[in-house]
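Naming follows writing order (A, B, C and D), and every chain is counted from residue 1.
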Amino acid sequence: MTSRVMAAIAAFAVMTVTATAATAQEVKVGVILPYTGVGAELAQQIDRGMQLYLKLNADQVKPYTITLIKRDSKAPDGAAAKVAVQELLTQDKVDALAGWVYSPDAIASAPVVNAGKKLAVIMNAATSFITNLSTDYVRTSFTMWHSSYALGAQAATTLHAKTAVVAYSDYPPGRDSLDAFKNSFEANGGKVIDAIPAGGPGVVPDFTPFFQRAKDEKPDVLFVFVPAGDHASAVVKTYGALGMAAAGIKLIGPGDITQDIKLQGMGDAAIGLITMGHYNADLDNPQNHRFVAAWKQEYGADSTTDFTAVGGYDGMAAIVHAVQATKGKMDGDDAVKSLLGWKFDSPQGPIMIDPETRDIIMNEYLSEVVKGPDGKLHEKQLAVVNDVKDGCKALAIGPCAPKK
Amino acid sequence: MDFATNFASILLGGLSAGTVLFIVSVGLSVTMGLMGFVNLAHGAFAMFGGYIIVLAMNRAHIGFTAALALGFIATTAISVLLERLLYRRLYRAGELDQVLFTIGLIFIFMAVIVIVVGPESQQITLPPALRGQLNLGFTQYRTFSIFLIVVGFLTVTGIWLGFERTRIGAQIRATVDNRRMAESLGINVDRLFTITFAFGSGMAAIGGGLGAEFLGLDPQYALKYLVYFLIAVSVGGLGSVVGVYCASLLLGVLDFMLKLYVPKGGTIFIYALTILLLLWRPQGLFGKKET
Amino acid sequence: MTEPRLETRALGRSFGALKAVQNIDFKLEAGARHALIGPNGAGKTTFINLLTGVLPPTTGSVLLAGRDITATAQAERVKLGIARTFQINRLFRGLSVLENVCIAVAERVGAAPAMFYPAGRRADVIEESMRLLETLKLADVARRRVSELPYGRQRLVELAITIGLKPAVLLLDEPAAGVPSAESHIILDAIEGLPKDIAVLIIEHDMDVVFRFAKRVTVMVGGAVFAEGAPKEIEANPQVRAVYLGQAGHGAGRQADHA
Amino acid sequence: MTITASPAEPAAIVARLDHPAARVLTRRHRWRWWEALPWAAAIGCYFAFPDYLGFGAELLIAILFALSLDLALGYAGIITLGHAAFFGAGAYAVGMLAFYGIWTEPITSLLLAAMAAAVVGLLSGLVLLRTRGLTLLMLTICTMALLQESANMAHDYTGGFDGLPSLPIAPVFGVFEFNPLYANTQYVYALAVLAVCFLFVRTLVYSPFGQSLTGIRENLLRMHAIGSPVRSRLVICYTISAAIAGIAGGLWAQTNAYVNLSAFDLDRAAGVLIILILGGYGRLYGAFVGAIVYLALEHFLARIYPTAWQLGLGLLLVLIALFARNGILGLGEALWRRYGATLSGRYRAGRAAS
């Protein structure tokens, strides 16, 4: 408790200090995250991911010092984010931009980013076409297509599902994952028999009616996309409470719904839940072991890494790479160029920035929630899909088709 | 599946959703009816209580019931404190000043929770007895929902009896009916208000804790759900406990049913319903005319 | 003109089972000074509300100078010349005394809908309002905020607003109610000073006021006309004394009169 | 300015119009010297803080939005928490016209935005303005939420939650481009629009119509009793207020080159209400003071303490509510009164207590 207060005060101090301290070798990175409001928790994860990269890889950063100038993008209305970007570019003269939890913020910021001609690393915002809006956008996080498209195929093949019902939060990421899943699931011989818009992202709805409807339709799998966090835990609880597992309906979805920071809170209801995601804390590779260990040491044993944190971690890695490649100049075009085709050995496994789309190419892991010997919930890996691109842009669907 | 079970599930789901709404809102209704005080910060007390309850369970590992009691007491205490020190000064102020004040209060609650607990949302872990499904003979349904419905019913009966049978209850009803008259009859309205305010906040706290299973619990809570609380109060009719109960359940069930059959409608129904109900009865289902 | 200024035929209004006003035939001639008395709950204020169109009647009709206005809206009736004061002040408490009257006058002369020139340009409105205040001896407080005035003065403003509407029929609902007797003469002077041709109907509990002012008196009991006649007759009428004059005065629970 | 000066008038009339109370009314609408200050300040800021013009534009738009609310709430006493409905209507009118390349000329699209919002205001006003108090409050909220949800459901056209990106807005007068990075044009443009709308609103509130609105706010029943068509007055006022809110929304969409569902947010509606109450309603300039204090504080607090800046804001609101009646201007007037009020000082103070 008090430690938190201290942390807050410390954060305050650090920010004021860093904002003033300026050395020849300094590279200023403007961070736009919703430090308040519904996205505050994700902001914290991403922020920590960035900080942790800098801490763990100080030697990579030398001889430069990276200064983070943090701005709150507040509610997901785009306005605060846009003004923040504007001022970071014109007042603080930052060398790079990073962050963006909400897609509307990234979309609203696009014209400014374009005019600013600085590298802008998207660390969470998931709407696929965002990277088309500015040639300075590079995404190290994910789009819904990465996981859902991969999952569609796996559901039909590995899980031998014939029919599926999709329940999704009725906003772009939700509709994206619906399209993505439907696309590949039906391409692999499955059939989506119903698609249920289950409330919006703002307020957690009671999922019972939606799941009741799904249960009545007796599909092989229920594919769910909802925002990580309360929505996800509510989903799992409702799934358990309605006894759908007993009714032989598998609950599957993108890794969002088993976000590690929420997993334990879901309780045993989550056991058997199968998700497709690019990261979970249980991934078995040296980079991740290092990452997780350092995290727990830094932020407490009961805190944990998750896919948003790794987005921040990889994003910071990308920025540092650009810094080194441009000798700290960080001219926008060069910085972006230096990242095209950039490969990195991330805690989530090998990743690469697609030279065409400036979006991430990464592995997707199909995993099942199991109870470990330690009595905690863990992700058991069932299959890996290598080098997954953003399907939406790959298939040039709707607004994802690159602008000419 | 057969209609009966389907209908039952709609009813149960709707009722449990409505019950949460009721438990949180009832205090707001009575205090607004009593003093005409626009206490938008009511949800903040629900949030505060919810945090106490959840943290007590998750961090201090206190039992469910004990945690609820603790939440109730703590929230009651802080509400009395705030009422005595601050709210009191604004009784005679215009409603807009009250809006300004209570919104400010919400902001403070939010910020303090972020600083002390952190921005992450809290998970409530129900005691095993309340998890999973319960066999009602005619249908299976999630135990917690049924638990909520029962709790809600007991609560409303309790409060109702309190209103009908106790002296304070009578005074409250008199004051809601006609404040001037009540004052001229020597009823100490301020004291009444302190009591109802404290009790209402306590109820809100319980609601925050019980609702966490469905609604989650994070620093945004007080703002996120404010509209729903206000809807329940206005549709029910200011100051009417039974009104809020019926309104909450009605909205809960209708919303649930429409979601089940026309999910495309999203959240549109609850608002459409409210508009229709309020145009039909501007003073609310159980409200006195001329508010 | 043969037609009475204001006339009601079998006028009645019930609230559910309660017959607040029943079957009233009533005439108010031009220049009349008519008092309406009766115990609390006799339906006097309801009657006024029926005349002004605040409430629709359940039976009967209201005629203004022979024209049936039963269905006419409140605002319309005001334009046709029916104005009223309220038992409890209804003033623009936050505004100056002068502006209180100006709003009424502006409404009467049809200035109110104008959007694109300042109200201050309507010298005619302001001047007339000012003149009215002078006649009511309110000029000295014209600048004060109404809520700052003593209650007696506030009642005067209430009166001033209605007179500002230049009514043909003026309905005064207990104009002296709640005014300390020391001040009540101000009101009475004002009422006596009213233009002669206005038809005035006054509800009053204070018998001195009634007998000093009224040429004719109607007694209402239980929602119906109980007796009508010259003040002397009424005063002499034993039944009236029995049911009313005996227990005259300002009782509590006057709300009962409000329906 | 008025006929009163003309010598033809009998002395008595001149005398009456010369009565202090009358003078207050005949001169209320005259421009005071200090009314030049906000505009001077706004122009000054343009040169003083060239780096803050983006924020400045947001601020000016917020002022305009708050001004529109002041007309409905501060003058006609219509207590609404759904004013973002009109902001959103205006924003989407401009946004969709531009996004689909139908109409991108800024000034005319603002007029279209005003019309769109006015229609919404008129229709909802006709239905809602029968009610008062909490009921009206809830009805306005729900209407706004309905619009937002409809905009979400029509995501194929509105872009839903993500909104419509990168709107192509034509240069003002075909000359002045909106530069996303340096918001000089946006700022001046927003300032000009604000000035025009302000002149309109100012004229309105000092007009006889405005006076009758004040009457409605002060005592509804009395207005009925003096034969005022209250409902239609309220509807007209509400519609005008909506139109101006629509202009604010359109301006927002243009200067930001995007529009999304947040235009209809309750946060926005509540925010503008807070701004107005904080500044002081029913005073024209409350919108200015409130918006500047609230947004500036939020902006800079959020910088030094991104995670919990609401604390400072909350404290401010609570303190103002506790120790000032009717916001900052109300406080100012109270002080002004205490230290020897002038005629106008006392008059407006009267307003303050209402």
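One rule holds in what follows: a contact is a pair of C-beta atoms (placed from the backbone, for glycine too) under 8 Å apart; a residue touches a chain by one contact, two chains touch by 3 or more.
None of the values given here were measured: they were computed from a predicted structure.
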Result of counting contacting C-beta pairs for A-D and C-D, higher pair: C-D
Chain at maximum distance from chain C, centres defined as averaged CA atoms: A
Chain A and chain D: spacing of chain centres that average the CA atoms, whole Å: 39
Chain centre separation in whole Å, for chain C relative to chain B (CA means): 47
Cα-centroid distance, chain A relative to chain C, in whole angstrom: 73
Residues of chain C engaged with two or more neighbouring chains: none
Chain B residues counted as touching two or more neighbouring chains: 110, 114-115, 119, 264, 266-267
Contacts with 2+ other chains: residues of chain A: 8, 35-36, 40, 170, 200
In contact (per the touch rule at the top): chain pairs: A-B, A-D, B-D, C-D
Residue ranges of chain A touching chain D (in the complex, touch as defined): 8, 11-12, 15-16, 33, 35-36, 40, 70-72, 74-80, 82-83, 86-87, 89-91, 103-104, 107-108, 110-112, 114-116, 127, 133, 170-172, 175, 200-201
Complex interface listing, chain D residues touching chain B: 73, 79, 127, 130-135, 137-139, 141-143, 145-146, 149-150, 152-153, 266-267, 270, 273-274, 277-278, 281, 307-311, 313-322, 325-327
Complex contact set, residues of chain C against chain D: 52, 54, 74-79, 83-84, 86, 90-99, 102-104, 106-108, 111-123, 125-127, 130-131, 134, 139, 142-143, 145, 147, 161-162, 164-165
Touching residues on chain D, where the partner in the complex is chain A: 51-52, 54-55, 58, 152-153, 155, 160-163, 165-166, 179-183, 252, 256-258, 260, 262-263, 265, 267-268, 299, 302-310
Complex contacts: residues of chain A adjacent to chain B: 1, 4-5, 8, 35-38, 40-41, 43-44, 170, 196-200, 202-206, 208-210, 212-213, 216, 229-230, 233-234, 237-238, 240-243, 261-262, 265-267, 269
